[in-house]
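Next come two complexes, and both contain chain A; in the first it sits with chain B, in the second with chain C.
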Partner chain A sequence: MQAERLAGGFSEPATQSSHAFRIVMEAMARPGTIRPIAGARAPAPLSVAAGTVLLTLCDGDTPVHLAGEADCEAVRAWLAFHTGAPVVGPSQAMFAVGSWQALGPLSAYATGTPDYPDRSATLIVECPDLHPAGATLTGPGIRDQAALSLPETRAFQENRALFPLGLDFIFTSGDRLAALPRSTEVR
Partner chain B sequence: MIDQNAPRKGWMGLMAKAPEGRVAALLDQATQRPAFTWLRAPEVGTVMVRGRAGGTGAPFNIGEVTVTRCALTLPGGEIGHAYIQGRNKADAEAAALIDALMQTDAADALRRQVLDPLEAELTAHKAHRAARAAATKVDFFTMVRGED
Partner chain C sequence: MTRTSEYNFAYLDEQTKRMIRRAILKGLAIPGYQVPFASREMPMPYGWGTGGVQVSAAVLTPDDRFKVIDQGADDTTNAVSIRSFFEHTAGVATTTATAEATVIQTRHRIPELPLREGQVLVYQVPIPEPLRFLEPRESETRKMHSLEEYGLMHVKLYEDISRHGHIATSYAYPVKVEGRYVMDPSPIPKFDNPKLGDCPAVQLFGAGREQRIYALPPYTQVVSLDFEDHPFEASKADHPCGLCGSDSSYLDEVIIDDAGGRMFVCSDTDYCDARQAQGHRGKDAA
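Coming up: the complex of A and B.
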């Protein structure tokens, strides 16, 4: 049983993590587009997409916050074995993963400083479903406008108002993900 | 408090320092290799080794050591980890297998046929080196100072 907990890492770390990184980068560059991503299987309740993103972006230097149900023994053991990332509270986290309800309030996360706006958190939001309908997105990386099923709009508008500070979001559902950087306007 | 991991630390440390090819050779002599699945295929990296001047001073970096690590699991669910010196992936696989098998009923046999010989070899090698170094030791003392 313990062995099953630690299984599900990349079988070919070099190629799979570069493919996954490319997918995350493309998703961030084109907010609102939904892309398939796979490679890693994290223990429940994490989705394939969230697990793959964590394995790709996290290492011993990136503190991770596990919110709500994601904070269980299996996920902690899996994350420690594969990435070595320390599990911390929201204020020190560079990455946070969990459902939208569990992650809030967003004011707890680091939004960067005027000198270093990159010292901010990236939130991996587990969604029940992702589809290109709902809130309207405009801004860099979007030709005219895009649509994405966001859990709400108000929080993202407030986040946009902090620009160039703010949080970046990756939405995951099953083996698909979409991203919403701080530069995108949400209506 | 007793460190429950102490025996495991002992044999993992022993295999980490073993000469190249020795762990794999001893394992094959001792037993047939069981089936296993990789949790982490062997990968080569470096770790920074730190020391303290005189054993108690401020820590300083001695240098980086090449290390191969892997993790595997046996059908029974035991997990074996290996971190060994050098870049020999076959040795890392053998060391992880032994680490996993040491948690099964095969532990006693493995201790007799693999770990004890390995430890004896390592101790002998150490003693040999220490003896060679001791032969070059010079004691300075004054016989006659010629002051009278």
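Coming up: the complex of A and C.
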């Protein structure tokens, strides 16, 4: 138990997190594109991609919500040791991680305020698979259109309607991720 | 250049980089919105690109090839010292060739060579708030952005027309991003404004003293504000470059003697050098 908690971090934090961030940044800048990412190994049920995103972006300043099966003793201990991020409920979370079903309802998360739309949560959605088919995406970061296997479309259309408020999403599956910012139109 | 190992990779500590990285992600998710961030003291004065340097430090990886330009030039003091700063603290490879660079930090220009996917352009921004000279109170400009109340900006452009007969704003020309936020593109000449929109590269803006980060994802719609009867015009000096003969690049006017003699040369030194290497010659070339 102790070993699992201490293992799985970055062996070279500065350079590994810089590579991981560039992948997350390019994913957020180009919604729908699927990229490989690796570096961290979080305890089950978290994927390599979700663990790497958490290590890259979270620290003591970022309250994290663990949803559903992600809220287990192993993940709590791992997150506490490697990031120091406080574990909180959805309404106070800057980041949340879990399956799509476990994360809902989305109305529980902060979507920002008209003055500060950046004060909104980023949801890391663990998916069984990611492939470039399904919902059609258009908007900033997409030249013509993109496609991504989203868990549903309606929730993202409602999120887009809140713009410039809203939630931003990072979809993770195994060692791959894709992102969907609030600015993307989903059809 | 070997890295000076006493510093963390790219100078900033990891917690600071995470904070800046989170701000960059929110900036990309809300194109044109200025995200507040906790700007750090950097080993250079405010006004020398501390915002751009912090964004570059958060973005750079050891595999990057880094280029810095100051008003288009790779060889001015600001560009040379920032390039050497990251050679020492990050050990990254550097270049002056726009095509070879993966991260380009810029002060007040967009390179002439079209940018491509995979590149990141980092702007140094002095005053990120486009409404600041119209309304000094931050509490008010924030409200104006949240209410999309941009009438004052059009009044300012209209006053230009009533006074000068045309829109006299020639740099830091305000743009509207995706039909929502009015944004200051940093003091780039308005000649460069058309390159902001539909750009394949990621564009990040960092203002160190003012503690703001904002961003344009690739292929974002960026429109320079104008009027139907006074459309936006990307202007430049009406001359060819004296060294490479280019008639499509942005030019600097250089005084060359005490008798009023002058020449016009490309502000983008890499573009001008590359054209001269291809055999292009202007009228003042030696």
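Annotations for the structure displayed:
To be clear about the criterion, the second predicted complex is superposed on the first by the 186 of 187 C-alpha atoms of A that agree within 3 Å, B and C clash if a C-alpha of one lies under 4 Å from a C-alpha of the other, contacts with A are read in each partner's own complex, and residues count from 1 in each chain.
Criterion: a contact is a pair of C-beta atoms (placed from the backbone, for glycine too) under 8 Å apart; a residue touches a chain by one contact, two chains touch by 3 or more.
Just so we're clear, the structure is a prediction, and the values are computed from it rather than from any experiment.
Within the superposed three-chain model, A:Leu6 lies in touch with chain B and out of touch with chain C [touch as defined at top]. Of the two partner chains, chain C is the only one that A:Asp115 touches; chain B does not reach it.
When the shared chain is aligned, chain B comes close enough to touch A:Phe81, but chain C does not. Between chain B and chain C, C touches the greater number of residues of chain A. Once the two complexes are overlaid on the shared chain, A:Ala146 sits clear of chain B and of chain C alike. In the superposition on chain A, contact is made by A:Arg182 with chain C only, not with chain B. Residues 13 of chain A touch chain B in one complex and chain C in the other.
On chain C, the positions that touch chain A within their shared complex are 8-10, 14-15, 17-19, 21-31, 33, 35-36, 58-63, 142-143, 146-147, 178, 180-181, 200, 202, 215-221. Here chain A touches chain C in the complex through residues 13-15, 17-19, 21-22, 24-26, 28-30, 56-59, 61-62, 94, 114-118, 120, 122, 139-143, 163-164, 166, 168, 181-183, going by the rule given at the top. Put simply, chain A touches chain B in their complex at residues 1-3, 6-7, 9, 11, 13, 81-82.
Residues 37-41, 43, 71, 73, 77-79 of chain B are the ones touching chain A in the complex.
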